[in-house]
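Letters A, B and C mark the chains as written, and numbering starts fresh at 1 in each.
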Amino acid sequence: MIWDWAFAIEILPRLGQAAIVTVQATVMGFALAATLGLGLTLARIAWPRTALPISVGVELVRSTPLLIQIFVLYFVGPEIGLVLDALTAGTLAIGVHYAAYCSEVYRAGFEAVPRSQWEAAEALNLNRGTALMRIILPQAIPPVIPALGNYLVALFKETPLLSAIAVLELMQTAKIIGSESFRYTEPITLVGLFFLGMSLISAALIRLVEARITQGVRR
Amino acid sequence: MGVTPLAIMLGLTAAALWWLAGHEDYRPFMPGLVEGAAVTMRITVAGAILAVAAALTAGLARLYAPAPLRWLAVTYVELFRGTSALVQLFWLFFVLPQFGVTIDAFTVAVLALGLNVGAYGAEVVRGAVLAVPLHQWEAGLALNLSRRQIVARIILPQAVVAMIPPWGNLFIELLKGTSLVSLITLADLTFRAQQMNQTTMQTGPIFTLVLLGYLFMSLTITIGMRLMERRAIRGLGRRA
Amino acid sequence: MMQDPMVRFQNVTKRHGSHIVVDGLNLDVARNEKVAIIGASGSGKTSLLRMLMALDPVDSGEIFIEGEPLTHMERQGKRLPPDMAHIRRMRGKVGMVFQSFNLFPHLTAMGNCIEAPMRVLGLTRAAAIERATELLEMVGLASRKDYYPSQLSGGQQQRVAIARALAMRPKVMLFDEVTSALDPETVGEVLTVIRRLGEEHDLTMMVVTHQMGFAREFADRVCFLHQGRICEEAPARDFFHNPQNERTRAFLRAVLEAG
């Protein structure tokens, strides 16, 4: 039999449990990515001298595989006294990896705000910090929300990498089910369908948000 | 970043690798890691060729093919973009054999990664083609060129310039994605690192070398694509 | 056959949505005739040329080139909608120069002029180059043959575009406001080329223009288009000296005041 419905239904609860871990890792990882990314971008605007090191760091993180970064945090961490459980180490690695991408997105957002906005704020005698947080930031963020959304989806689709350090997320659970039952078709296909469903829904949501934002700008 | 800082980073990376390779804590790992890097490069190159072919086919089919082929292209793109690369890799590796189709791990790796990146590439191709002004079509029609000739000789050559930077990013994603093949037992750079790590527990030196190795390959791709972009822009006769 | 006009529009109508752009238009252009088409913006001049170039289909009516229908085909006595092969055969008789030049930016001036002759007419590279060299010489750009469009001025680009269209040996040449995207100082060089083309070659030419002076000395006949119809047509001299229609007079007055 190529596809066993009874088996598929039988394993659904276990996969459901695992999906919670996947979603957890996604949410925590993206929360870190979004805040750390913004922090990096604000830092390079507030202290121009940090721009070069940040650029180099971002380039380094983006140029090497996430899987290796997960391994490094998980295996090298303990050597320097950073003992983390697999889920935390993995989520941290994912968050840092995507922070590098997010910081580039934010940067584009800030660069798209016309220089004249800085000058207008200066003319009103606002100090640089206030101008950045109250005038520039609110204009820089909304246009890049769809791009951030795309990275959220990308991050979500990379959570199966956590299976490499035995986090019991969807992929790892599917593999365990497979090795127990010698049936890989149902678990792996179901995991694929889960990702496909979530991605299509997110894509639709992002389009909606995008439409909202462009409307907001026009208004 | 501009080409010059990237080239400096590449130089520093190469120098660091060179220096570490002579260091006794690192030297023993070099031969194995170099072999692994060779596998990584082979998968990257083969995957890139497949990705470009798949992207051109699907991207152009989505624009110009009759309905059934167009739907096929859309399905391919959505399917491979919507599921995760690792899921695709495992599906081909674990599930296909249950249908009686067995392919060796290297082919599975190239297929999964190439088709995955190709799906994103198809959207790049489509976007770049759509960005060529409609005027160019009409000028081609007025010269009595056929649709096929217009696409191949007028539209695509102009679209190429806009495609190069996003393809640069996709090739980097592909290179990084090859690390997943370690999970289907292919002895790439990541696999070797894992293996040596388990036997020697020399985590620090091993992963330092591996990170530098990937960095070296990534920067080479990035710089190569930047130079290619410059050439392509010059080919358009624009002053770069 | 000899009496057939080179181009015939017969009751041609074109709509965009509910907006009628060309409205039951009739027009014959004789072999080697030079016709200037003038009219206010939005009067349908571009639409007219685009239908003749088969870039846009007609909504009703017929267009003939050398007596042969462009807008339909006759097969075994039956009228069929035109297929691609038919359209391409008919397109071969017509060449067009656009307001915005539309040169291919990835090809040099020479490349622009040999691409279609090689691919469509099947000329060898050498033959195509020979023909293109001649034409680039005629438009005064032989020395710029290896330049890319972005390295040429607007006027030079437009002259390359003319050479490119001529390289396909069309029988009818269409010019759609070919000088209106140009800097004033380069308008003259392009008009000179068109003028010489008319004098030295057996070509039927339809020229949409806002340059009344040029229309008057270049054209055999002037057609004034208003709301998709030909409101007045006359030999150039009569047209400008003694316009019959009130609309024509208003238009000419407006143009002369502006210019």
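Quick notes on this structure:
Here, a contact is a pair of C-beta atoms (placed from the backbone, for glycine too) under 8 Å apart; a residue touches a chain by one contact, two chains touch by 3 or more.
All of these numbers come straight from a predicted model, not from anything done at the bench.
With chains reduced to the mean position of their C-alpha atoms, the one farthest from chain B is C.
Top contact pair of chains, counted by C-beta pairs, is A-B. Taking the mean of all protein Cα atoms as the centre, the chain whose own Cα mean lies nearest is B.
Annotation: 21 Å between the Cα-based centres of chain A and chain B. One inter-chain figure worth recording: chain B and chain C are separated by 47 Å, centre to centre, where each centre is the mean of the chain's CA atoms. Rounded to whole angstrom units, the spacing between the C-alpha centres of chain A and chain C is 56. Only residues 135-136, 138-146, 149, 153-154, 157-158, 235-239 of chain B touch chain C when the two sit together in their complex. Touching chain B in their complex are the following residues of chain A: 2, 55-56, 59-60, 62-68, 71-72, 75-76, 79, 157-161, 163-164, 171, 174-175, 178, 183-185, 188-189, 191-192, 195-196, 199-200, 203. Listing the residues of chain C that touch chain B in their complex gives 53-55, 88, 91-92, 94-96, 98, 100, 102-106, 108, 115-116, 119-120, 147-151, 164-165, 168. By the touch criterion given at the top, residues 1, 5-6, 9, 78-79, 81-88, 90-91, 94-95, 98-99, 172, 175-180, 182-183, 190, 193-194, 197, 203-204, 207, 210-211, 214-215, 218-219, 222 of chain B touch chain A in their complex.
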